[in-house]
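Pasting the structures in now, so scroll down.
In the two assemblies presented below, subunit A is common to both, partnered first by subunit B and then by subunit C.
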Partner chain A sequence: MLDASPPRKKLVEVKNLKMYFPIHTGLLRRHTGDVKAVDDISFDIYEGETLGLVGESGCGKSTAGRALIRLYELTSGSVTIDGVDIATLSAEQLRLKRPTMQMVFQDPQASLNPRMTVSAIIGEPLDEHTTLTKAEKLARIYELMDAVGLNRNFANRYPHAFSGGQRQRIGIARALALNPKFIVCDEPIAALDVSIQAQVVNLLEDLQEKFGLTYLFISHDLSMVRHIADRVAVMYLGQIMELSARDALYADPLHPYAKALLSAVPEPDPAKAARARIILQGDVPSPANPPKGCNFCTRCPQVIPVCREVQPALTEVAPGRFVACHLVQPTALTAGPTGGTEAKEHNQQGATR
Partner chain B sequence: MTQTLRLPAPLLAARNIVTFLLRQPTSAFGVIVLAALILTALFAPLIAPHDPYVQNLNNVLQPPGNGHPFGTDELGRDIFSRLVWGARITLTIIFLVTIVVGPIGMIVGTVSGYFGGKVDMVMMRVTDIFLSFPSLILSLAFVAALGPSLNNAIIAIGLTAWPPIARLARAETMTFRNADYIAAARLQGTSPLRIIVKSIMPMCLPSVVIRLTLNMATVILTAAGLGFLGLGAQPPLPEWGAMIATGRRYMIDSWWLVTFPGLSILCVSLAFNLLGDGLRDALDPKQMNRR
Partner chain C sequence: MPDGALPVLDVKGLKTVFRTRGGEVHAVNSVSFHLQPGELLGVVGESGSGKSVTMMSLIGLLPSPPADVREGQVLLGGMDLLRATPDQLRAVRGARIGFVFQDPMTSLNPVFNVGNQIMEPLRKHMGMDRKAARQRALELLELVGIPDAARRLDDFPHQFSGGMRQRVMIAIALACNPEVLIADEPTTALDVTIQAQILELVKELRQKLGMAIVWITHDLGVIAGIADRVMVMYGGQVVEQAPVRELFANPQHPYTRALLKTIPKVSGEREGRLQVIEGQPPILSAAPTACPFRARCAHAFDRCHRENPQRRAIGAGRVGYGHDVACHWTPEVTHA
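Our next item is the complex of A and B:
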C-alpha cells in the first residue's frame, strides 16, 4: 500500500480543473463575477493509493472532490478517470461510467434517504446498473453488509434507527455496490465520534486492501490524513499549495502555508509541545475576489514583492514534491521556472520519472 | 416506533396517524365529520327517507318535523334527503379536484424545483399568472367559457387550485435538491425523472397532502359559490350551494331552506380545516415519537 513499486498506473488525472460558481446581481441577474471555489488545480492519483486532500474550511476541498466525479458541471479542465475524460462525456455515457467512481459523504445522516430501508439504499445502485433478480440482489446486499460489518438482520430498518458510525457503514456499502475503482471520501469521519472515527478509517483501509480501491481522502483532520494517506495535497483558497509524499510533508513542509497548517496539529507529547507555532494573521480572502499574484500573499509570513504580482505555478522542487511558491526553488531537479509568467502551466508530477 | 415504521405496513402507519388524529378533540371532530360524510354518501339510498327529486306540491315549505326532519323546500322535496344525496356531489367534487390538482401541482412543482434555471422560470411564471387572479373569479371565467355544469365547475376549480400546490412542492423540492442523498442518487447515474419520482416526490408528499386537505374547504366553498351563482350543479341536482341559492327567496319565512345546507357546508369545510391542522402535526417527523 505504501509507495514502493516505481511504475504505477495513474487512475485519475486532473488537469487544470476549475470550478467557478457564477454570481448574478442586479435586476437583470447579470453575471458580475465568480466564486472561484476551485481555481486551476492539477494532480494525479495512482491506482491503489490514497491521496489526502487537506486545507481549512472553505478552501474548496469538497468542491474539488465533487467536481472530480462530476457532481458539478466543470467550468473548465479535464478529469481522466480510468482512461476516459469524464468532463466531456454526454449524460448517457457518464451514466455508464458512474460505477467506476463513487463517493462517501460527510454527513451520514444527510446522505441516506430517510424514507428508504437499508436494503433499498444499498440496492439502489444495483437497480440502476444491473439486471439482477430479486434473490441475487438480496444476496449482493447481504454480501455488502457483511463487508462493511453490518448485521444482516438490520436490512429492513430505516437509517434513523442506526448510530452515526453504522450509518456511515451503510453509505460505504452503497458506494461499494457497483465495484468502483475510485472513491472520493469527502470528510467521511468529520461527523463521527473519535472512537468511531478509528473504526471507520480502519474499515476504509481494509476495504482498500480487499478490493484494490483508490481513495481521494478529503479531510481537515491532519492526524487522520497522516494515518491513511500515501500522498497529501494541501489546498488554500481553491489552489494546491503543496503536494508531497506523506512522510516528507509531515517531516519537512516546504510551502509557508503547509508549514503553518502543520504547526497547528496538536502534539500529544508534552515534552515536544514547546515547538514554534506559526500563527497566521488576518482572514482568508474571499474566493470571489482572490488577491493578485499568489493566493496566500495576504497572510504569508515570508511574503516578498514578487508574490503580490505573479502567481507561482505548482512545480516539482524535489523528487515527488510539488510546491507553488516563489521562495521554494527546485533543488535536485532541473525543473522549469518557478514563477515566470502568469501562465497556468502546471507540471505534471510523475511525468518526469 | 420501529414497529410502526416497518416496510410492509403502510396500513399500520395509516392506523397510527388516525389514532393520533383521534387523540385531539379538534382533529377528532374533523375525522368523525368526514367519516360521517363518506358513510352518508355511500349509503345515501338507505339513509334518505324520501326521493330527493320527487316533488309534492301539496306539501311545500313545510317546517321541520312531521316526517321531514329538516322540512321541505319550495317544491315539496324533503330537504334532509336532498342533503344526504348532496353529500355524494360534494364528495365527487372533492375527489375529482384532488386527483386533478394533486398530481399537476406535484409534477409542476418538483420538476421546476429540481431542474431550476429556465425550466423553473417558465413554469413559475405560468403559475404566477394563475395565482394573480382570485381563484373564484378565475373559476367563474372558466365556467362562463365552458358553460355551466357540475363537470365544468370541477374542471374550473381544478385549473385554479393547482398553483399553490405547485409552489409548495417547488419550495420543498428546493430544500431536498442539494441533499447528499440526492447527490448519491445522481452519482449512481439515476436519471432526473427517476430521482424526482423515487426520491423527491415521497419527501414532498406529506406537506402536499396537508395542503390539499386544507384546500378542500376552499374547494367546497368555491363549488358551493359556483352552485349559488347558478354556474355549478344545475337543478334539480341537490348540490348544497345551489340549494341555498334557490332557498334564498324564501329565507325570511322558511329559514330551514338555507340553514341546513349552510350548516352542512360549514361543518364539512370546518372538518377539512381541522383535519388539515391535525395532519400537519401527525405527519411532522418531529412528532413521530408521540405516536
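Our next item is the complex of A and C:
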C-alpha cells in the first residue's frame, strides 16, 4: 500500500458518470425533473488499491458505487473495468463480466436470504457462473468459509443463527466466491458494533493482500476510511469535491467542505475536543434541485460571488490532488516541478499524469 | 464533581430482566450511578450492553411484561421512582425528566404539527393555556436554533430535516425545564456535520439552563467532546466509571482499554493494524456468576470465571465518585 508508487495499472476508469432518477408527477405521470444522485463524476481506481468514498447521507456515494458495477442503468458516462466499458454491454455480456466485480452490502441482515443456508448463499454464484461438481463446489465453499474466518461446521445453518459480524463475513465470502478483481464495499461496517468493526476491517485488509483485490470502500466513517483507504474521494450532493491521497487529505484538506467534514468528526480524545470546529450552517440541499454554481455554495463559509454562478471543475491543483473549488487554484499552491502542466481537462484526473 | 453536592438522580442496584419465551434475559445487573446537578454523564457501550434499558427502566418506559424491573432504587429528589404510582410517574416524565431518543423520525408524531407536540407537555404539566403554551413553544424553537420559528411552528415533522427534527425533540424535552435530560443516542442517526451542530447546541444549552444530562452513545469521540464523567457498560453491568479525561488517559478495565484501541483516529499518527476484541458480546440468559467480559478478555484468569467482580475505587475516593472499575485483573493501585 504505497501512496505514490511507480506506474500503476488503472483497473477502473469512471468518466463523466451521471445517474439521474426521474421524477414523475401529476395525473399523467409526466417526467418533470430528475434527482441528480450522481452528477458527472470521474475518477480512476488503480489495481490493488483501496479508494475511499466518503460523504454524508444522500450525497450519492452508494448510488455511485452501485452504478459502478451497473446495478443501475447509467444515465450517461462510461465505466471501464479491466479494459471493458460495462456501461454499454448487453445483458449476457454483462453477466459474463459479473465475476470480476462484486459487492459487499451494508446491511448483512437484508442482503442474505433468510431461507437459504450459508453454503447455499456462498455457493449461489458458483452455480451461476461455474460448472463445478458438487464435491468441488463444497470444497470451494469450505475454502471460502475458512478464508473469512467462519466455522465450516456452520455451513448448513441459516443467517439468523449468526451475529451481525458473522453475517457480514458470509456476505464477504459470497463476494469472493468467483475470484473477483474489484469489490465495491458499500458501508460494510456501518451496521456493526465498534468492537466488531475492527474485526471486519482487518479481514478485508487481509483478503486484499492475499487475493490482490481492489476496493471501492464507501463509508461515512472518516476515521475508518483513513485507516483502510489509499486515496479518498469526498462527495457532496452528487459531485466529487476533493480527491486526494489519504495522508495529504487528512493532514491538509483543501476543499472547504472537506475541511468542515473532517473538523466535524468527534475525536476520542478529550484533550483535542476543544480544537476549533467548523460548524456548517443549514442542511444539504435537495439533489432534485441543486443550487446554481457550486453545489456547496449554500453552506460554504468561504463563499464568493463566482461560486453562485459558475460550477467549479475538478482540477488537479497539486500532484495527485484534485479539488473542485474556485478558491483553490493550481497557481495558488506550490505545485512543485509539475506546476507548469495545468490540468485544464474537465474532470479528467488521472489522465493528466 | 465534589462529593458534597446532593445528586439530582441517584440509582442504586438497578436490575432489569426480560421474560421471554426463550427464557430470561438479564439485561441490567446491579447498575448504580448518580448524577450531580449540571453534570453531563456519558454512558458508552455496545448494542446489548444495557445502556438504553437502564435509562428506560428508570422512569417505567419498558412494557411489562416482558420487562421486569426487579430490584433497585431510583431516587429523584427523595422520591423512589420504582415505587411510584403510575400517576406520580406521569408527573415526572416530560416534566422533571426529559427524554430525547435516537431516531427523530419515529419519535415525533407525524399527524400533529410540531407546535402542538411542543405545547403538549406545557399544557399537561405546567397547566398553561393555548396562548401561553404557544408563546413558550415559539421561544423553545428559537432556543434550539430553528430559523423562522414562528412559521415553522405549524409545520409537520416530515417538513423538517433529520437535524431539525432532533432540535424539535430537544425543544420538547426541554419544555418544562427538566432537572434531568436523558439523551439516548441523539446524534447516531445524523450526519457528522449535523451531529457537530447538535453537539454545539447541547453545550450552549447546558450553559444557559444548567440541567443534568445523561448522554447515551456508542461513539467515544462524542463522549470525549461533551461529557464530564463517563460510565462504560458491558453485558448489562457498569465495568468502569471515571471523569472523562481520566478515563481516556488512564483506562483500567481491559474492555475499555481494548475499545479505545479498536477505534481509528482522524488525526495524529495513523495506526497499523487495528486491534480487535475477539469474540462476541455475551448472551445474558442467566444472572451473572462470572465476569461478563471473561470470554473476550486477554487477561482472564480462573477467578474471572468463578466470580463476578464488584466495582472498586482506583486510588482515593468512593465507588461512583472518583475512578472505579469492576475487574479482578486490574492492579489495586495503578496511580504513581
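One rule holds for everything that comes next: the second predicted complex is superposed on the first by the 336 of 353 C-alpha atoms of A that agree within 3 Å, B and C clash if a C-alpha of one lies under 4 Å from a C-alpha of the other, contacts with A are read in each partner's own complex, and residues count from 1 in each chain.
The rule is short, and it goes like this: a contact is a pair of C-beta atoms (placed from the backbone, for glycine too) under 8 Å apart; a residue touches a chain by one contact, two chains touch by 3 or more.
Note that the coordinates shown come from a computational prediction; the quantities given were computed from them, not determined experimentally.
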Inset, instruction - Answer with clash or fit: subunit B and subunit C placed together on subunit A by superposition. - result: fit
Inset, instruction - Name the contact category of A:S195: first (subunit B only), second (subunit C only), both, or neither. - result: second
Inset, instruction - Report for A:Y158: first if it touches subunit B alone, second if subunit C alone, otherwise both or neither. - result: first
Inset, instruction - Figure out whether A:G26 sits in contact with subunit B (first) or subunit C (second), or with both, or with neither. - result: neither
Legend entry - Dominant contact partner of subunit A by residue count, subunit C or subunit B: C
Inset, instruction - In degrees, to the nearest 10, note the angle that opens at the C-alpha centre of subunit A toward the centres of subunit B and subunit C. - result: 80
Legend entry - Overlay on chain A, subunit C to subunit B nearest C-alpha distance, Å: 7
Legend entry - Residues of subunit A contacting subunit B in one complex and subunit C in the other: none
Legend entry - Complex contacts: residues of subunit A adjacent to subunit C: 56-57, 163, 165, 193-199, 201-202, 205, 220, 222-224, 226-227, 247, 250, 260-273, 277, 279-280, 283
Legend entry - Residue ranges of subunit C touching subunit A (in the complex, touch as defined): 46-47, 161, 163-164, 191-197, 199-200, 218-226, 244-245, 248, 258-260, 262-267, 270-271, 273-278, 280-281
Inset, instruction - Flag every residue of subunit A that touches subunit B in the complex, lowest number first. - result: 66, 69, 71, 94-96, 98-99, 101-103, 105-107, 110-115, 117, 124-125, 128-129, 156-158, 161, 171, 174, 178
Inset, instruction - Under the touch definition given earlier, write down the residues of subunit B that touch subunit A in their complex. - result: 2, 5-7, 179-181, 183-191, 194, 199, 202-203, 285
